[in-house]
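Here the structure is laid out as structure tokens; the discussion comes afterwards.
Which chain is which? They are A, B, C, D and E, in the order written, and residues in each are numbered from 1.
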Amino acid sequence: MSQATHNNEARRPGMRALAIAGRVLFPPLSIFGFWYLAVAFLGLPDFVIPRPGAVLSVLINENHFILENLWPTLQAAALGYLLANVVGIALAVIVTSVPFLNQLLMPAAITLRNVPYVALATVLALAIGDTMLSKVLILTIAGFFPVMVNTVRGIQSVDSVVLDRMRILDVSPWRVFWQVRLPYSLPFIMAAQEIVGSASISIAIAAEWMLSSSGLGYVINRAMSQYRGDEVYAVALLAALISYVVYLLIQYASRKLDWLGKTRPTK
Amino acid sequence: MSETDLSIGAGQFVALVGPSGCGKTTLLRLTADLDQPSTGQVAIGDMPPSAARKQRRLGLVSQRPAVLPWKRAIDDVRFTQVCTGKSGLSAEDLLRDFGLAQHEKKLPHHLSGGMLQRVNFASAIAHDPDVLLMDEPFSALDEMKREELGLWLGKVLAERPKTVLFVTHHVDEAVLLADRVLVFSASPGRIVADIPVTTPRPRTAAFRTHPEFVELTNQVRGLLFGKQEAHA
Amino acid sequence: QPKLEEVKVALFWLRNGEVSSLMVADAKGYFAEQGLKVTLVDGGPGRNPVPVVGAGQADFGVAPGSEVVRARLAPAPVDVVAIGSMEQVMPLAYIKLGNPGDPDPTPKDLEGKTVGIQAPGKFFLESMLKRNNIDPSKVKTSIVLGTPEPLMVGKVDYFAGFLTNQTYQIEQEALKPNAPPAVKGKTWKAIPFYKYGLAMPTNVVFATNKTLKERPETVRKFMRALAMGMKFDHENTAEAIKLVDAYPAQLERADKLAWRAKIQHPLEVNSGTQANGLLWTDPKVWTEMMDFYKEAGEINRVVPASEVMTNAFNAGIKLAK
Amino acid sequence: MSQATHNNEARRPGMRALAIAGRVLFPPLSIFGFWYLAVAFLGLPDFVIPRPGAVLSVLINENHFILENLWPTLQAAALGYLLANVVGIALAVIVTSVPFLNQLLMPAAITLRNVPYVALATVLALAIGDTMLSKVLILTIAGFFPVMVNTVRGIQSVDSVVLDRMRILDVSPWRVFWQVRLPYSLPFIMAAQEIVGSASISIAIAAEWMLSSSGLGYVINRAMSQYRGDEVYAVALLAALISYVVYLLIQYASRKLDWLGKTRPTK
Amino acid sequence: MSETDLSIGAGQFVALVGPSGCGKTTLLRLTADLDQPSTGQVAIGDMPPSAARKQRRLGLVSQRPAVLPWKRAIDDVRFTQVCTGKSGLSAEDLLRDFGLAQHEKKLPHHLSGGMLQRVNFASAIAHDPDVLLMDEPFSALDEMKREELGLWLGKVLAERPKTVLFVTHHVDEAVLLADRVLVFSASPGRIVADIPVTTPRPRTAAFRTHPEFVELTNQVRGLLFGKQEAHA
């Protein structure tokens, strides 16, 4: 009895099949459903909001140029995402362990984040040029803040009784960080991953749009100047799909990593 | 809690009894160098608590379990050893002795209240500390387990003498195990009596019928509950 | 007093001296004389006048001719037609820093040099080089943003910019006492694209076919007033500058407007406008432009010029000279 | 003794004075310090990165046009911030209480968030025009996601023993949400506020830059076309200052609201 | 835990004793409609647990306190009343009766372990439920407080009869308070004895010397600890 009783997740097989069907069918239903609603509701001509059919046909038949430019964007997004995490978590650690650095770093961090992107792009383009690094820096600047803020909260959420245990045992701050604070922060850090991870493609695209001649951002730039709304939205759709996959991967990783999930009651 | 000086001799077993909320946990935290006393002084052997802590000689069984929610029982016990770099007592042996052999792979939220308390106990002493601070370590256990663990502790202390501060609500247990029983009063929380138990340790369950036991338990109950008649 | 017909004009960018004719026509009351009340709608990074006019939210738009061509020939075409051009050529040029006395450079001078261009501009450079029998592989390019800083900090030798735009900043920076060494005492020298490449109508006025069909009189009146504004701007420049300077939300002050007029006025007229009237635009140039973009892969078909432009609404107003 | 013992925050008066001095001096030190560092390190002339002196002089002597355009930006930022919260929290509630809606709404939510801003701006400019609503919608689309993700995590972090208590008492889901789940989520929700709140000014500016002829974004647009780098950075600095103030206000509110802070050990 | 049928008569006081980890809490959760039994059936009076729950007739004193971290003691107690719409017992009176009059404005993390347990108890019964499910409610209390609260409970039950399921590790307490004592075995956890206590409730401390008390406590201890001699 004790198994069944404590396992609230037991599902009937019918429910399972439905769940799988939902997982496969719901995303397209969701995306195209809302798209058609927008088209119908806004009443704009199709050179402004192209119809899903035209966009899909671009993705299927004219994808060469898009796919060619997918790789640099993915690279920039992945590197920027990584760096945003490194910087964000490092800052969180610094700021929580040396409180006065909080007041010293935070205003600069917020200012950096508030330099208008166009001004930032100008500076980066001149200082570094149209390179991977420029894009990665823009992504870092756009992404480190949510990671930092959430990690700080996470670090502060550690159960005080466990910290007492660490103090009694005179455990090094380093180990406490890696083995206690970081795992305790995971629910917060994983939330930041969902936020930053699923946005990194579209930020990479925005960065490319401003300062690069490769990548999906450039494709959009070119497509807009050619009045190829269908191509613009094809890129947007592709970006959304990738972001959704990233989001699902992060959710999967959360479920694996996140101890909170294991103590969580299912309803 | 008003000014308190507490000094515990090396190798002594000191029990702390007193009504709920009188400051037992607070005193234990001072002894553990988790809080600083505003007045008064605490000494373990001839060391201040901070020195003992820095030498990793402390072990604390906290009133609320201090296990890590993502660690299986056995890993939590081993974590203490990894952190202190002291292998101390074998983690498997500890859990087996505590009746948790079948449950060593369980996560904390899959353990019952009493099991969790035993894991917490095992984790707190796994590095075999010289100074053992315990805050109602057996409160969630049935009488049999409580007795078993008390005897187990007596045996360990006989083999490896330790300085012990033991908070409990069980007067019998206090007298049975300790060299000295400190009795706290309710507000203002302060030590109203410091009662030595002269019969040498380790004692067996037979000590319960010894005149000193009966006398001392009555004396402590009298101090705690006033004129009222003592009861089991 | 008769009620004026409200007319909206969507601009490609914020209002500045580039569209001075519009503002002069308004300030002088030429639109009102024609029974029109004109409202300018600023453009910007997210506000392209082509879809704005295409979606019927403005009656007229001002944009480079290339925009009209590309929009008209896109797979999901925007129904816009050019009805005149305020600038007969695109002022794109390859600009370098030089001493005031130096001769103007020619495409040949680009050999072995680095040219800073914006991402979509590579085709322009290559096309111009080919037209002048220069091997494009001999010219290095570097992608930059639309500001002349790379030229002024010496990152590039030439910079693809507009004669009516970035050159001003170069002049200004060169005057400053703390100007960087690369700029100090220098001035700009340019290889204009219209001279060695193609003439492309730039400040093109356009409207939808629907408007042209349903409200031809309005279009005609609009074009007449605009041409009168341009005529005044050219013939009474000093006074026009004052009017534009005072025009609401206009970005440029008198000194800048005067500077601009010197450079821009010659680009606004040619033999065609002398013969047919201000704003007149040459169908041949439009055909060339379509061929150019077809070759660049920016459009996938070419249509008769009459499908993308018309002079049917030209008022025939000419400069006095 | 018990007071002093349990109050780890007791500070010596010297420390207090230092702390206040730090709070006042550190922000400018931080901002201008890093600014000068950037100038020195990148070695770019002042028409690319204007010097702080020139920028401050714009803010002090030529602030009329900037201040005139501050109000619409603040309005848009405040409304957008509010709406992002309403939408984000509502979606979090929907998604956690009706799991299958998760799969139905999430892909659309992520797609919406990934439509390139330029395309979005074009659509909004045409559908709604240069109005407050367009800006507010851009802010909502940019901001609802962090609020949603963090709130979902927060809702899931509720102690199961408290949920059991609510179940035993047969408390209505509505009350459980307001009185239990929401307060439990506060540490997560406040982190989202720090993320979204302090970004809303700069997103409002970006929105205005693209599609409005009023507000600070318009000032930047105008300043850029007049080659007034100093004015661009003056706006950026003003935006950063406002964002920092918003950030401090949110931190202050967190300290007031957040129960976690009260259980948190100070170090 | 193997198949168990449990039915508790209306107004009955049933005590549940058994070794740590045998499934007492699990059975209590079934009775509280928090988990569903895979086999077997549970009935309170003649109702299934879900019906009792839907009628808001249940009160649960959980083993781990279920207080809200941001509510002061008194507000937490009142929260139960607000949630159920039943004013039941006065929150102030409850906390005063439990010796917490001075502490009613404290937040949970400023309370000692035993105080917290008392607040949890007060919060669980503040709406005066008909069915009271208690999981080791007094484990963190000293003997005096435990006795006091036991007597208090007896008094309340005399005034307002309730159906009670009471998990405890104190055999004495079980026999003293209950109409029926259910004895659990360790793995596989199942009910090995269902012992009625015939002396009518409420009983006083004097019952401890009554032959039935002595006999029953010995019988229960025998069942729990096997042949071993019973001890206080």
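Note that in this section a residue touches a chain if its C-beta (ideal position, glycine included) is under 8 Å from a C-beta of that chain, and two chains touch if they have at least 3 such contacts.
Because the structure is predicted, anything quoted here is derived from the model rather than measured.
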item: Separation of chain C from chain B in steps, with touching chains one step apart; value: 2
item: Contact pairs, highest-scoring chain pair; value: A-D
item: Chain A and chain B: spacing of chain centres that average the CA atoms, whole Å; value: 49
item: Chain A and chain C, separation of their C-alpha mean positions in angstrom; value: 41
item: Chain D, residues touching no fewer than two other chains; value: 6, 44, 48, 117-118, 122, 126, 160, 164, 209, 260, 263
item: Chain C, residues touching no fewer than two other chains; value: 48, 51, 55, 147, 149, 153
item: Of all residues in chain B, the ones touching two or more other chains; value: 29, 64, 109
item: Touching residues on chain B, where the partner in the complex is chain E; value: 17-21, 24-25, 63-64, 99, 102-103, 111-115, 118, 135-136, 139-147, 169-172, 187, 205, 208, 221, 224-225, 228, 231-232
item: Of chain D, residues touching chain A in the complex; value: 22-23, 26-31, 33-35, 42, 44, 48-49, 100, 103-108, 110-119, 122-123, 126-127, 145-146, 149-150, 152-153, 156-157, 160, 163-164, 187-188, 190-191, 194-195, 198-199, 201-202, 205-206, 209, 217, 220, 224, 229, 232-233, 235-237, 239-240, 243-244, 247, 260-261, 263-265
item: Residues of chain B that touch chain A when the two form their complex; value: 29, 32-34, 53-56, 58-60, 62, 64-70, 79-80, 83-84, 107, 109-110, 123-124, 127
item: For the chain A and chain C complex, residues of the former touching the latter; value: 44-48, 50, 54, 121-122, 125-126, 129-130, 210-213, 218, 221-222, 224-230
item: Contact set on chain C toward chain A in their complex; value: 48, 50-51, 54-55, 67, 70-71, 74-78, 119-120, 142-145, 147, 149-150, 153, 155, 298-299
